[in-house]
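The following pair of complexes shares a single chain, chain A, combined with chain B in the former and chain C in the latter.
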Partner chain A sequence: MAVNAAPITATDSLSQALKANIIPNQEYLLQGSVLDSAVEVLLHRLRGLCDNVDAGPETFDDQEVCFSLRDPNQQSTPLTLRVRKALDARDMPYQLRYIGQPDLGDKNRPTVVRSSLDIACSGMLIEFLNELGCRIEFEYSVKGYMFRKGRMKITVAKVFKISQSSMPPEPISQSYLVELSVLAPQGQDAIGEDMRAFADQLRPLVQLDKIDYKRLGHMSVT
Partner chain B sequence: MANSVNISIEAPIENQIQEITYDGQEIYQAPLSMSENLARLAQKIDFAKSDDEFCNIKKEGESSSEVKSEEDKEPGYQSSLWPWDSVRNKLRNALTEVCVLADVLSIAKEKRYMVLDPIQPDSIESRPMVQVYGRKKALSAAGAVLLNGVERLRASETMRMTRNMPDFHIDLLRLRQNWRLKKVSNTIVGDLSYRTAGSKYSQTGVFEVTKAPEEQIAQAMSMNAAGPTPSALRVTVPPELQGVAFISVVCQKEQEEVVTATLSSSALNCPGTLPGDGAELHWQQKLEAAQNVLFCKELFARMAAEAVQLDASIPHMVVGNQIMATVLPGIQLLIGLCHNNGQNNNNSEAVKTKVVTSVSRCAPSPQPEERANKNEHDHVLEHSLHQLLRAVHHAHTHHPFPHPATGPLGPSKRRSLAGPMAADRYELLDMSKEQSLLEQIIQQAQHFFMRRRSEYVLDTIAKEVKDPLIVSHWNALNSPTQSCVKINIMAYGYDAVCRTSLVVHVGEKTLKCICRDGKVRHLSYELQELRDLIYCQIYQHQMTAVQAVGRCMGWQLLASSSHLGSGPVEPLGNASSCLLASPNGDRMIAIRCEPSVGIQVFIAQSPRKDFFVSELVQDKKWENLGGAFKEVKLEKMEGKNFLNKMELLMACLSSPS
Partner chain C sequence: MQREEKQLEATLHAILNRVNDLKSAIQGLIAKLETEYETINWPTFLDNYAILSGHLTGLSKILQNELAPSLRSVVVLPLQLGCERDEELARLSEGRVPACTHDLVPDLLRTKPEPQAEQRLQQLNHKASTLSYDTAQKQVAQFTKVVSHVWEIISKGREDWEGESMRSAGIQPTHSIADTHALVTAVGTGKGLRPGMQPIGPPGVGTPGMGQARGPTPQMGPATPTMPKAPSAIKTNIKAANQIHPYQR
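Then we have the complex of A and B:
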């Protein structure tokens, strides 16, 4: 770098990056679930299909807190933000995540496409959000295994409810949540086809599909 | 230019010109009236195509056709020129047909006057013999194909059973358990490159598997009856990967000539080549050798590229198959790719080195028939190079996983912490720089030399200096670029009294010494600096040890100085001294210690023995001012070492005689 050149400001490089469409702000997602009794078989299958699982699958243990920021006039839908921290790697930064509404688009799209922004933050994040006025909606912890194949990330995890006292967290269901996701910049729709092809390889064990949350919301909860 | 021009827009003439009169007037064709227009359009309808529509209007047709026919008659009957005529005729015919059909169906439904009966279709005359012959022919063709396949299998099976030949398929199975194979049209090919392990080298390692011809197997078996059975496979590796190769790493003193003429392509690892073209080698050995050749080629190509790109103070040179890099001033590192193709070339035969199988690290005894005993291939550095390239491959495939799980795949831990920890531009640039293989191996070679030199210095000092014992403990655990040694200086018999320790961290080009006073000194790669430091430490130890012994003996320390300003200037370090007084107070010992000269001991007696009253000094009490110091001849004294002598001296002077 020339010493005499004017330094590039952060806003300049950010706008350049936005123009060049290299910021991965879209998430392509497929989800499914598998019962506890069948998860071992699925893990074996994923070990065979995914990259570099010679030393055993990578485990993770995360805790997620969801905040919402409401408008004072209470008319628009509140902004939801998620804060996720790794319980097994305490020195890694917190991830602040914004997930947008899924792109309705055309029904033929193989995966759910929604905008997603992930930002690494330091530990002061929760205080900062509280100062901004966000309130905690809910929290849960997730524990399971992570695999990757090329750009795709596959997680097989169990969701736990966090209990107030020092009791161990209890699972909310007898099943594991399986998610196949890719973070990509806008416009790279071909990855959806690859994801669908991979999901088909897991087909008899787990059915990975687009889940429409709005329809789920109308179903009655027993 | 400034004037505006009016433009008028008119529609073009709609009606065609029928006639232009002689006076220029145009007579237009009158536009078609509504009925005429409708007639024109109706003429365009093709009744042959649109049948189904007219079936629907059958009923209306019945009622409206009479109306229409009356209407048709009214304007003058110009049969062929009138457009609705054809329409009317067609509709009327259609109506007739449909009415007839309706009538027939209603009559048939009643079953009184008409009944509908099915008709048997004409039976085809069957000719069974033709069928039989056709089927027989087809079956025989299929059977012939199957028999053909079975014949081949049976032939190979009988051959295997009778002559005890190796089985092709079992061998193929074994090959498949070790190597990746693929069937491409008729041939079986395999891949022996490190692609799936993370290598990005462009040279492919494709080999072909064929069946070994039977005569060759039979010949090999008859020649080698007692040995293992040859395999039924023959493996063909690409010609550039044939033979054996290794990377030779040699550290040597700097040579006068720039390029060393002969490259020691000693056939260290080459298996014994059988007569023929080496095809009788077992396929496993052949493939492993070829894979090794590919690995060595990749390693050398990578390092050669780095050597050209890197900007070192003394530039690295790449000549043919050799890379020459300067490790320390006067020491060169030669990395060469030795590839023995299996063909007889002058090089492999001319260089018949006495193969030294163990690499001796400390000064090797030179044997007269060896060329230069410094030109030994360093197995440790070669192994390090292999490990470094494997680490590069591993990094290409094993990317770190994000924690927490929603993070982006790809960035390393440092990179993902760069955001929250507000790393600046320079830190980010630093993160992206990674050390090349050549730099790493040069660092390891530098450390190797530093360690050797430090060992040499410590060993020679330990041999030379017997009085305090120099004991060095090297750490068992060290890294390729850092070692640690703890040096204890103590006297024999007095190790509990006083012991001086120092720690030396040996790096790549520097040494870091942490002495007993807590000072940290950074030394360069020159041997003399370490030597000087150790000598200074030895003499400091003597001084402190004497004081400690004095304390044990009850002698009192009157004065001590580590950096004495009196006396001649020392070439090395500073002189130190101390003054001890006996428990009675009547004797004194003065010790002066210098690293280059040694130790001098003087003693004095407090009431002077040689006091004589003189005119100036008359009182007898002045004899209590101490006498002159007299030097002690230490080398004539009894005692195993300096401290022992001092202890004896103190004991002797303490006694009340």
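Then we have the complex of A and C:
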């Protein structure tokens, strides 16, 4: 009976996990959209392809708020943090998410790869971020369906703009946003090929591609 | 010398193989025609012809190969003609040439095309040389016109057949690239989501050149009267937090 064995501290297990490279801190992402008229067909196809559809597709209804933390002295790019809360399940924890810059290095990579850290938090999160000095950049709500296939998560959701008065949220476009993402530790690039193969099965309904929104955001609106 | 001999042998071997393949393909085609002439259809027939042409192409490739020694300089001469049945020859030729007789040998060892073909060729050559340049040009132009006309008919037909399935899916596009871009930028950078802004408003909003003590949702000018209480509450909080911001980062 090893009574004098020291208890394993949290920092020890964390550093062990870091060394073993098992923390899923990378997100592999493909995005696309499907028109409202064709979303039923897409849902049928996904129900056929995906795993978790025994009792109908899983729905979700989330509100996401994006905060940014600026350095008052330097004019560097601010740190953006996203807080997501579930509107249909009020007792689920809030999700605090950091999303890094996408890795633009390799043009041949089939998916967008960016670092992503998710932490579950309590409802005090918004106050805490405000105390830290974060400001709300924008917010929106997403409502739709979530499918899983192995490690891959596919969401088909409509994005709504939250209007400040008590009007119901209005959709920002006539399409549903389709996202295929995998959270994985660093270095598991083979998953990108699997994702690309799955994305090809959804063609020509949806064209899932890697989209660089920063570049699109600076382009002028036609 | 030895190398040339070896090359010659190798080339002959290759040619022999090709010719055998060609022969078996022709045999197969003839057998098919004879046995299945009621049930055969045009595409199958064309397939067989394609096989034949493939073999012929292979044969011509071997002959054109630069490594092949110049076969023109090699001559085959019958050294002895006989009327008796030669078992060796019969075996080599699978029973078709039982003896090296004088009526078979000129046909088998012939290098010029057969007389009828030769006559036809001469007639055509003569006709071609008597044509004037203008008539020749006109004929060529007509020929090209006819061929392109046929080509158009065929390609239109193909489009009609193959385009049916593709067109019915194409008439109703199921996704719009513009919408994809709009959604992704909205989710990523908040374009079109900041309150008081038109949907898909002017680009690059808010983030560049913002003052520090400004409000949380940066608006370019029109502070709409529907600005609610919630942001302003945050405003005061932020102001307080900024003023006593102890950390450098």
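In this section, the second predicted complex is superposed on the first by the 215 of 222 C-alpha atoms of A that agree within 3 Å, B and C clash if a C-alpha of one lies under 4 Å from a C-alpha of the other, contacts with A are read in each partner's own complex, and residues count from 1 in each chain.
As a working rule, a residue touches a chain if its C-beta (ideal position, glycine included) is under 8 Å from a C-beta of that chain, and two chains touch if they have at least 3 such contacts.
What you see is a predicted model; the values in this text were computed from it and never measured.
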Handout entry: Clash-or-fit label for the pair chain B, chain C on chain A
Key = clash
Exercise for the section: Mind working out whether A:Gln174 is in touch with chain B, chain C, both or neither, as first, second, both or neither? Expected result: second
Practice task
Applying the touch criterion given at the start, work out whether A:Lys161 contacts chain B, chain C, both or neither, answering first, second, both or neither.
Solution key: second
Practice task
Pick one for A:Tyr213: touches chain B only (first), chain C only (second), both, or neither.
Solution key: second
Problem - Contact breadth on chain A, by residue count: chain C or chain B - result: C
Problem - Contacts of A:His44 with chain B and chain C, given as first, second, both or neither - result: neither
Exercise for the section: Quick one: classify A:Asp71 as touching chain B (first), chain C (second), both or neither. Expected result: second
Practice task
Considering only the touch criterion stated at the top, classify A:Glu139 as touching first (chain B), second (chain C), both, or neither.
Solution key: second
Exercise for the section: Name the contact category of A:Asn52: first (chain B only), second (chain C only), both, or neither. Expected result: first
Handout entry: When the two complexes are fitted on chain A, the stretch of chain B hitting chain C, from 114-122, 132-140 or 366-374
Key = 132-140
Practice task
Using the superposition on A, tell me which residues of chain A are in contact with chain B and, in the other complex, with chain C.
Solution key: none
Practice task
Would you mind writing out the residues of chain A in touch with chain B in their complex?
Solution key: 7, 24, 51-52, 58, 60, 62, 64, 82, 84-86, 88-89, 91-95, 97, 118-122, 142, 146, 148, 151, 153, 155, 157, 183
Problem - chain C partner contacts - residues on chain A that touch it in the complex - result: 31-35, 37-38, 41-42, 66, 70-73, 78, 130-133, 135-140, 159, 161-165, 172-175, 177, 204-207, 211, 213-214, 216-221
Problem - Residues of chain B defined as touching chain A within the complex - result: 397-399, 401, 403-409, 413, 416-417, 419-421, 425
Exercise for the section: Please give the residue numbers of chain C that touch chain A in the complex, ascending. Expected result: 169, 172-177, 179-195, 199-200, 202-204, 206-207, 212, 216-217, 226-228, 230-231, 234, 237-238, 241-242, 245, 248-249
